[in-house]
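This report concerns only the one structure given below.
We just call them A, B, C and D in the order they show up, numbering each chain from 1.
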Amino acid sequence: MSGQGPAWAILLQKVFGLQGNYPNGLLAFVALFFIYLFLIVPGAWIISYVDRKLGADFQARVGPNRAGPSGFFQPLADFLKLMQKDSQEKITTSDLLWIIVFSSALYSSVAVIPLGSSFLMVDTDLSAFIPFLSALVLALGTMLLGFSRPTVPGWFGAIKVAGQAFSGAFPALISLLTAGIRSGGFRWSHLANSQGASPMDWAAFSNPFQFLALIVFMISGLVMMCLPPMEGVVLPINMNGGVTAHLYGRRWAIFRLGRFYASFLWSLVASVLFLGGWQLPEQVNDLLSDSLILKQSLESILLLSKTFIMMLIVIWVSRVNPRTRVDQVTDFAWKVLSPFALLALVGSAIWAGWGLLI
Amino acid sequence: MSFSLFGERLKTDVTNWEVGPYHLSLPGPIRLSLKLDGEVIISGEVETGFLHRGLEKCFELHSWKSAIPYADRLDPEAAVFGELVYCLAVEEAANTLVPPRAQAIRIILSELTRISCHLANAVRIARAVGAETVLHYLLRDREKIIDLFELLTGARFSLNFLRIGGVRADVTEGFIERVLDVCDLIRVRLKEYNDLFTFNHAFLKRTINVGVLSPALIKKYGMTGPNARASGINADVRKDRPYSGYEILDFEVPLGRGEGGTLGDAHERFLIRLREVSQSIEILKQVTEGLPLGEYLTPTEDKAVPEGEAYVRVESSRGLLGCHLMSLGGTAPHRVQFRAPSGFHLQAVPELITGLKLEDLSVVLASLDLSISEADR
Amino acid sequence: MGGMGALDMSGSLFSTTLSYLKDVFSSVRSILESCVTAIPYLFSAGENRKEVTEQYPDPISSRTADDLPSRSRGLLFNDIDRCTGCRECEKICPNKSIAIETQSGSDPAKIWVSLFDIDFSKCIFCGLCVEECIPGSLVHTKQYEGAVYVLDDLKASFGRGGVTPEMQARWAANRRTHENEEVGF
Amino acid sequence: MDIIELKKRLTEALSEKILELAQLGKGRVLSVWVEAKHINEVALLLRNESYLGFSVLENFFVAQLDSAFLLSYYLRAPKTGMELILRASIVPPNPEGLAKAPSIREVWPMAEHQERESAELFGIIFYLGLSPADKKEIKHSFLPPGWQGFPFRKEYKFPESFSGIQHQRDGL
């Protein structure tokens, strides 16, 4: 039983039944590959399918039903179609630039994803901030995409994306701090262990300010990454054609996969910060204390289902509501989200320090 | 160089940008050449004529009766109004009488077309604002009305059902009950649209105080119909000069109240069209209950219309649709000229869009309910 | 999502924050209200919220030719036996998509319609010809699938074909025998 | 304010310019024939006079009667509810030539696009001010640029093809 090395390495060796010790680098590569193949790509598939099916259900339509049983293979069909449709003109430097920045912003944070008590590859003191930073770099990537567009509206879209990202970043950071105040640290394990399993012990429901911080965190994340229902600037529907004008083929697939991963990451972080992460009830913990793999997979399932529910809510709201203009979105972020974020910060600080004051 | 933190606006130099003739958010094939200062439109010109097909010349090449399918194609989405205005003009020139039952059937058809056109306009506004869900609900309900057309006339859009002196055939047996069912269904739906969309905050923010049409602008460009009534100008042809039996119906014409934003903004135009749909439902109920008996057509042989001239106007879903007809006693009309409301609304677009934000351009164009095929003829 | 206009600085601090909060809550309430109205559609609750997509050509979930109302104007069909060759339909057709040629039939009174072509690439299905057809031989069918690969396939011809010399000879023969019987040879 | 009252007011206001005053159509609408060159004065007078007040031009109709063009302006006075058709006729120099008529864009701005349409399709130059400017070309806003001839004229022969596209599909 090779017990030494970080928890995720032990887990990995157990999963693959390897004996003897292997360099952590190799194990890390296997782990990343494992997450990417079995978590992100299937996640994109399921969410894309659910998004289209749920959207169709809301609109009294049938939705995809040709590819596979009730259209389940529609995302695969879309993916194959996009793969074989590449844009004729050769890749220019500005295209290359945005693709590199876009994908580096996203897939660098795969290692940071908290998936369970032992599957924590990067559990440093500031690990909660890394997804926030990768979201900012994603906004930079979308801006560069806008600048690489041949049309006038593409450049307008780029500047608007930058403006919207800044206005979303401030309240997101503040609400991130509010979560940190309650749990006393930004380590994933700190954040998760400070919350109990039953909903009452979750951060969001422990005090009203944390609940307010959850809402502000989710909305400002959507604003920061121009995700639906805040994606007025990216949508080709409005007059100026948005950032994705004339984007199709493989680059469109990169863009879509990137946007899925961004919303998935943000919902995951939200459920760890505010919705009790992967905490299993005490009895279950004791029961499973011996078999590490079972406990870890149960924790991951719990965490991913919370993330899935958060993403469903976002899909629901975005399908039903119209989109507001970009300047109204930034107005909303500065004049509504930021004050409420500060209120939540001050409130939860007082709440946390109440004991010391009196 | 005096550096003022907030006073100095981000200086952007003027770019100009050609939009069209085919673009996602234009109401039809027109070309807008816009001068943009950053986000704000400084000036815009409209170039039309992409849909000009010499419709009025076609009337001169056909006999009176075989010109009726051409009247359908004046505004393909609202075919009955083109037919109605042409038939009324010929009837006035040739002095033929229309039996009351035919007049009632004509009212039923024009009110149904008005509802279908207002729903189609709501679809365009919803698409401009990006509200997918309500868009599909509107299309689904409009389908019910188009099924009614197919039941009565046999065609979905270009009906070719009116004839000079009446209508082509009588009402089929199940038609009246189906009309009443559709009326009740649409009333239920209107309530659903209001909950889901009309007072949704995001929609309000996109349309309140956007594209305000002042009464002066309306008078200057001769705008009529819902666009004018949304700015408080009470002018409806069905009330001012009733035609084809509207005088016996009592209905009140909705006017813009301007309680949400200012009077005459895009939201007011959207609201007034929904109110007109509910008012059309009232009219349909009255007409279908009191459908007079008697035959549906005074037969007129298609040969010649005595020499004469007539100018008739009809309240179409977009405004005052007039038809000036001149006949020299031949078997074909000598000159038919249509006064298309969309032509006048299109005139006001350059002045209306100056100072508008670029993203609101598609909302304003959609709220004006322009039919380019009617404007270009 | 929700949001509010510019803060009006006019009133006192308290009244502005009050109106600010009222505005934010009204916007959140209206957004949630719109979301809630879409929920019943998830479970297709009630008659009005069923899925309405017609998956043509699947006969169960989409309308087929026989569900169409009786007056629907599909592709035309002309029953040549009842057609008298009066050319009314050719005259009334707005864009000349009907071409008719007639020759004298077996007895001079009867017209032999040798050519009766309808060019469906020009026909606008207005139904004027069916209305003008006195013998009622020209009717609308319920057939609406008119897609073809070659433009010529859109020409439907119902004519009887040219009168060949031996047909004329045969008609002339039995006309003579007919007249002989009458005269009593 | 009925037809007779209006007729009296018009005769004394426009006295010498009126060529003919008749009642027209079922609605018994008054129609006033005026010399083509007086249109501008008459228009200003009709609109600005307080007791006439024809401030709305509802429809501008042009038709060709054998070789002359009949211009008729359908006017409405919103205050008094009266209607009036102002008519004038102009003759083009030759069947292909450009006729000239004074424009009423200043008096009634709403007629601007109808005037442009008739100008292009009938071949009429609507000039502002007093003397007809020597403008030759008409800017096309309805017909494709470079279209020869004026389609709405009676003697117009429809061209076989335009910019390389045949208009008649042969054989079918």
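By definition in this document, a contact is a pair of C-beta atoms (placed from the backbone, for glycine too) under 8 Å apart; a residue touches a chain by one contact, two chains touch by 3 or more.
Owing to the predicted nature of the structure, the values given are computational and were not obtained by experimental measurement.
*Asks:* Farthest chain from chain B, going by mean C-alpha coordinates, please.
*Replies:* Following the centroid criterion, the farthest chain would be A.
*Asks:* When you average C-alpha coordinates per chain, which one falls nearest the overall C-alpha average? Tell me, please.
*Replies:* Chain B is the most central one.
*Asks:* State, to the nearest whole Å, the distance from the C-alpha centre of chain A to the C-alpha centre of chain B.
*Replies:* Roughly 46 Å, centre to centre.
*Asks:* At what distance in angstrom does the C-alpha mean of chain C lie from that of chain B?
*Replies:* 24
*Asks:* Which integer distance in Å separates the CA centroid of chain C from that of chain D?
*Replies:* 40
*Asks:* Taking each chain's centre as the mean position of its Cα atoms, how many Å separate chain A from chain C?
*Replies:* Whole-Å distance between the two chain centres: 51.
*Asks:* At least two partner chains per residue is the criterion; list those residues in chain C.
*Replies:* 1-3, 31, 34, 37-38, 52
*Asks:* At least two partner chains per residue is the criterion; list those residues in chain B.
*Replies:* 133, 140, 196-197, 200, 202, 205
*Asks:* In their complex, what parts of chain B are in touch with chain A?
*Replies:* 15, 17, 19, 24-25, 36, 39, 126-133, 135-137, 140, 196-197, 200, 202-203, 205-206, 357-362
*Asks:* Taking the touch rule as given, give the residues of chain D at its contact with chain B in the complex, in rising order.
*Replies:* Residues of chain D touching chain B: 24-26, 29, 55-59, 61-64, 72, 74, 85, 109-114, 117, 140-144, 151-152.
*Asks:* For chain C, which residues count as touching chain A in their complex?
*Replies:* Those in contact with chain A are residues 1-4, 6-7, 24, 31, 34-35, 37-38, 41-42, 44, 49-53, 55.
*Asks:* Mind pulling up the chain A residues that touch chain B in the complex?
*Replies:* These residues of chain A touch chain B: 55, 58-61, 152-153, 156, 229, 232, 235-241, 319-328.
*Asks:* Which residues, counting only chain A, touch chain C once they are in their complex?
*Replies:* That would be residues 54, 56-62, 65, 219, 229-230, 316-317, 319-321, 324, 328-329, 331-332, 335-336 of chain A.
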